[in-house]
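So that you can tell them apart, the chains are marked A, B, C, D, E and F in the order they are listed, and the count of residues begins at 1 in each.
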Amino acid sequence: MIKVAGIPFDANSSFLKGSSYAPRRIRLMDIDGSANAFAENGLEVLNGVTYNDMGDINFANTNPAAAYETIHSFVATQLMPDDKLLCLGGDHSISFPIIAAYAKQYPDLHILHIDAHADLYDNFDDNPYSHASPFARIMEAGLAQSLTQVGIRTLNTHQREQAKRFGVHITAMKDFTPACIDAIKGPLYVSLDLDVLDPAFAPGVSHHEPGGLSTRQLLQLLQNIKVPVVGADIVEYNPTRDVHNMTAMVAYKLLKELIAIMV
Amino acid sequence: MIKVAGIPFDANSSFLKGSSYAPRRIRLMDIDGSANAFAENGLEVLNGVTYNDMGDINFANTNPAAAYETIHSFVATQLMPDDKLLCLGGDHSISFPIIAAYAKQYPDLHILHIDAHADLYDNFDDNPYSHASPFARIMEAGLAQSLTQVGIRTLNTHQREQAKRFGVHITAMKDFTPACIDAIKGPLYVSLDLDVLDPAFAPGVSHHEPGGLSTRQLLQLLQNIKVPVVGADIVEYNPTRDVHNMTAMVAYKLLKELIAIMV
Amino acid sequence: MIKVAGIPFDANSSFLKGSSYAPRRIRLMDIDGSANAFAENGLEVLNGVTYNDMGDINFANTNPAAAYETIHSFVATQLMPDDKLLCLGGDHSISFPIIAAYAKQYPDLHILHIDAHADLYDNFDDNPYSHASPFARIMEAGLAQSLTQVGIRTLNTHQREQAKRFGVHITAMKDFTPACIDAIKGPLYVSLDLDVLDPAFAPGVSHHEPGGLSTRQLLQLLQNIKVPVVGADIVEYNPTRDVHNMTAMVAYKLLKELIAIMV
Amino acid sequence: MIKVAGIPFDANSSFLKGSSYAPRRIRLMDIDGSANAFAENGLEVLNGVTYNDMGDINFANTNPAAAYETIHSFVATQLMPDDKLLCLGGDHSISFPIIAAYAKQYPDLHILHIDAHADLYDNFDDNPYSHASPFARIMEAGLAQSLTQVGIRTLNTHQREQAKRFGVHITAMKDFTPACIDAIKGPLYVSLDLDVLDPAFAPGVSHHEPGGLSTRQLLQLLQNIKVPVVGADIVEYNPTRDVHNMTAMVAYKLLKELIAIMV
Amino acid sequence: MIKVAGIPFDANSSFLKGSSYAPRRIRLMDIDGSANAFAENGLEVLNGVTYNDMGDINFANTNPAAAYETIHSFVATQLMPDDKLLCLGGDHSISFPIIAAYAKQYPDLHILHIDAHADLYDNFDDNPYSHASPFARIMEAGLAQSLTQVGIRTLNTHQREQAKRFGVHITAMKDFTPACIDAIKGPLYVSLDLDVLDPAFAPGVSHHEPGGLSTRQLLQLLQNIKVPVVGADIVEYNPTRDVHNMTAMVAYKLLKELIAIMV
Amino acid sequence: MIKVAGIPFDANSSFLKGSSYAPRRIRLMDIDGSANAFAENGLEVLNGVTYNDMGDINFANTNPAAAYETIHSFVATQLMPDDKLLCLGGDHSISFPIIAAYAKQYPDLHILHIDAHADLYDNFDDNPYSHASPFARIMEAGLAQSLTQVGIRTLNTHQREQAKRFGVHITAMKDFTPACIDAIKGPLYVSLDLDVLDPAFAPGVSHHEPGGLSTRQLLQLLQNIKVPVVGADIVEYNPTRDVHNMTAMVAYKLLKELIAIMV
């Protein structure tokens, strides 16, 4: 069974808050956004049929360590042997506790991380849970067999060194081709930061980084995945920056397409 | 002679109204939008020289059946043997009466329908004239020798069956290449729904469907048409959703380019 | 040494004013825009290290002839033998005095002009300094060995004749390929009008001309330049039309990338 | 018990659609909008405590007559002897069936109608259920002992005559004072069209009519009601026109204040 | 007969251009803006009945002196003995030539100037026709018996001295009361700069000056004029800054109300 | 000497970040916003003449306790016997360390707090420095002889009790009259949260709370202060929510007016 859950936590964001409001806005598109429920491969994606919506997690406060525990424990509980989880963030810090829980069930887990930023900072503003650091934490803890990053276009010297240290496979945005993930292995976890898209396609994100993927290029990338996808997240949608819900519609479409490849 | 006419009717829209305000806004771009009057092939596109602007049709009320008659009768009257008509919608429901009038003069008419949606619903909200159904009506009535759809990315099971029933040639957006219309035949009618464009390029439409064509891809598609184009429409521009008249400028440019291939 | 200077002059604009506010907004992105200081080739682009920011020129009034002198004299003074200048406009009229000063130091100067418009008008509104005419003035004065224009999509008959008269190499937008500048020669001056980008990527410009480059295509074009770049400008950013500073971020990124190829 | 219900119907709108998306957006403000749950008189307004949220009515299609029946029957069923209903539209056409149901329980009902428009058209576009006509229908049917309108600023000759015919007490916007409703009687039904507010305060409505109330003036008007309020509606919020959810927040605040005077 | 004319000239603007696009946008509201044709006193304001729309003046170029002549000569020609003219700008520089023509027919003309700015600069950027100076020019030339300014909130020392020099009656915004024009005399010309309104009510102006009139306060001011109004202008509406046509609707409403007091 | 300083700290914000970008945007209005430098009482407000701009404080990280120390120590150092400080936030948490430093020099300090919210929470999200709590901290520490709050419209039961506990004089927004501060004493510190304004006038704030002051009402309140003002802050301007810099202009105008009453 595929389960969808909202993880409305944005207190680890370095620049703007707002992604905690994302899950409810994405779900609104189901009814309010003029879209229908079909993925492009013809699958009808319905709550209660194709997937179960578990609603949103509650957070007692904004403490990062406590949030880690809340998310980790939720995922560990939900992730029954035949289950797959698709989480709607929240900021990118949520991927660390999710993948920590996944790693226990999937010791051979591989990660596809689609993003404008590598999120590999060793230390960002003294917050180990910062949304700038989840993949540093994940690789330090040995939670993945491999980490493949696609769409990156903001590498600085420090993160370049971190990538080398952790053996990350990076396809920078300037070298992007649809074939860049042909060698990826499964079981695969897909972590999708919406700012991998050019701000023209997804203005509703906290970090505008020009020169990104088009929505179509992203859809093709996802539709070309050939290995089993066992989990995924869609993070960093920020409704407070959106224009006419344009980005909410993109997130809703990606939700349908990810479910279509997870089934 | 090429004639341009505005058909400001949006009462068959299922989601939002507003496209009835499109024709006047598109014409404003002629003076207010910083563009010049030249198409990309070097043709100067001038009212009174290259084409005649017939103004907007008036509608007595919002009754769908009456609107069908008003539009059909207007087109039948205007479409003299050497004339070609380019209509500015309004919503997509206007294409049914236009093409019904065309079919009488062009019994061998072929249709190129460029859109995010197939508009092939047998029954949408009990309104046979719904903007979700014009191409079902057109194909039921046998008004075209062939129907080619490009850019579609919202097919559900029902419309997939309708497409099979009517023998529609569909190039889904995920399979788009510039060569997809190489086999098309003429005389050709081009029905252009602006939501075929990605919402990044055309935010001013009622239905945002991410993952669409870029404006350049659409221009290339049109510029590659090799068969005679005898009529066209540009529909579903919705000024109430536009940002800084960005979409009005796209519509105005497409108007010039369509005239340049109709001449 | 690379010097960056703001030239906040927009009184030669034909349609809208506002580009005089561009330099300060682009610099704000350094701190306020969530970006880091690295170019995509890994170079860290820092004021005081990689380049020196000379601030903004002051203009006593809006007289076009006086502005020409102010800009020309500033550039002539700043352009020491080992210096390279990157100017932030202002409207496109600033390129004429800048290049006039460059031509004295670089008698063999070549120009790459990236723009939606050819800016070759012989006479626009009786203002010889109009932002519609700088490249007519430059070529009349014999200031460049060659002029290569990329991205043009608004050629009218007059400008087509002007291009022929001046021997301009034009790659129209409809014929764009990344290889279109393979034959270009140096020393090269790059004049970059942000409206070469599709309005989807750069809404904050005075002239929306649909069907333009994506930001990624523009970055690739710049990153593929193989000859020495001795000067550059980024013009026509208009903050009064921007949405969420999206275009300011594009300009800031292009500033970093241009510096990375000028070093 | 106070019951809140969403009535997401906008097919009787003459100009724009979109108010059917209002109820869900207003409820979102409860969590997403930075407000707290207290009315200005100090009452905490909580679902399950102060009121019960009955969710949204479903409509099988957009037929006006069927919608009338659906709404009427819902209200008739919900309106138990000690209940009070606050309905969130939807367009203003919903007030006719709601008040028709109220009239059966409250034969001595008085109505306070706060709006920029009198909504008294005898016939608008041949649709008796048009959102331009509910108060003509209500008065024709004798459903109210008195009708008091406040904020009106668009009276034409026809509606002026209708007002005289039905004995409507109108305080035009140009004559507005806080004391204008001092003589009103109860039991009172308050029908609140958000376009009574100036568009500066409530941009998210279908009909912008400048020169309206400030939000504070409207709050004062409501807080000064001295007679028992037995029912209310808040209509014509149109999320597709809103800016940063500003109008959703206004509607949410008015919801709290109306509940505070209905308790 | 009341005549309405558009004067689309904005080349004398010091900050932003765009007001030249105002007349066509204001007229669009007649059909596209959901308003009706009635003024608040019950008068129906119809083109061809209540007034005659003369269309827009054409300008050969943007030369200020030539524009002065064009406007002056147009007004002198149109202003037959029983005629009254209402001009839609354009920037505020148009009031100088209009009033110069009026002064010939009305040697006893009084002026009511409603604005955030006094527009009394002796010399602004060396342009005697600047939109910062029309009332300096008018008073120097002795074109009015009296000048009354209302809403001013940007007086600097220079303009304070100019006001004293010319004997201008100023009611600063901070001292505004509805009674401030009780002593005004006729025949009266009303020059209305939309930036007298607070930017909350009229965002679509070039100069945002907070702390202004509400739309209702402005309507009351106009409706309280007791002397004959023989001419008027509405200037500085800038569509390029408008939000959802909110300011176009304000201008359209003011047009109706001004006509209602000129009849 | 009046000193102006930017305090770009927003890590204590509970809902949205962004106010740390405020000081630079407010200063931009000096040049970019079409305003002049005069306050409404005729005083010219010039950096270097009327006041000295000290620039922005730097923060090493986002730790709340460290930020308290940084701000407190900065103010303690700057506040020489004859100096007055006007600080531009940042969120409202900055007022606690500023006033703590003021209290040492002014043991008889009184506070005028103008805000939509009382900011009196004993504990908000376990952060004693939260922007929801500064006035609880200030009163607990006995830093003021009196606290007067104006414009409040979100009192809940807890804050009502806190206000009683601390003896706060509250004029709720619903009871606002210009005379509400007639009894206030000096020396006075004015803490001005821009969300006291209705969101129509100041959309660029993190917390939209409808029903607030108009900009003119706020200006009148400030202009009516009769006691010596020895310090002030303007907080919670959030550029990421602003529309066309409308709120930046309001903040810039309030800066001038506050300086005019501090001189």
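Methods note: contacts are C-beta pairs under 8 Å (C-beta built on N, C-alpha and C of every residue); 3 or more make two chains touch, one makes a residue touch a chain.
Here is each chain with its UniProt name: A, B, C, D, E, F = Agmatinase.
Note that the structure is predicted; figures quoted are calculated from it, not measured.
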Problem - Lowest number of touching-chain links that must be crossed from subunit A to subunit F - result: 1
Practice task
Would you pick out the chains that touch subunit E and also touch subunit F?
Solution key: C, D
Problem - Furthest chain, CA centroid comparison against subunit B - result: F
Exercise for the section: Could you find the chain whose CA centre sits the greatest distance from that of subunit D? Expected result: C
Fill in the blank from the handout: The distance between the C-alpha centres of subunit C and subunit F, rounded to whole Å, is 42
Completion exercise
Cα centre of subunit D to Cα centre of subunit E, whole Å, reads 37
Handout entry: Touching two or more other chains - residue numbers and ranges from subunit C
Key = 15-16, 198, 200, 214, 240-241, 243-244
Exercise for the section: Give the pairs of chains that touch; include all such pairs. Expected result: A-B, A-C, A-D, A-F, B-C, B-D, B-E, C-E, C-F, D-E, D-F, E-F
Problem - Interfacial residue positions of subunit C with respect to subunit F in the complex - result: 21, 24-25, 28, 31-32, 239-240, 244
Fill in the blank from the handout: The answer for subunit D against subunit E in the complex is residues 14-16, 153-157, 160, 172-174, 198-200, 203, 206-212, 214, 241, 243
Exercise for the section: Please name which positions on subunit E make contact with subunit D in the complex. Expected result: 33-38, 40, 42, 44, 198, 200-201, 214-216, 219-220, 223, 243-246, 249-250, 253
Completion exercise
Listed in rising order, subunit D residues that touch subunit B in their complex are 13, 15-18, 61-63, 125-126, 240-241
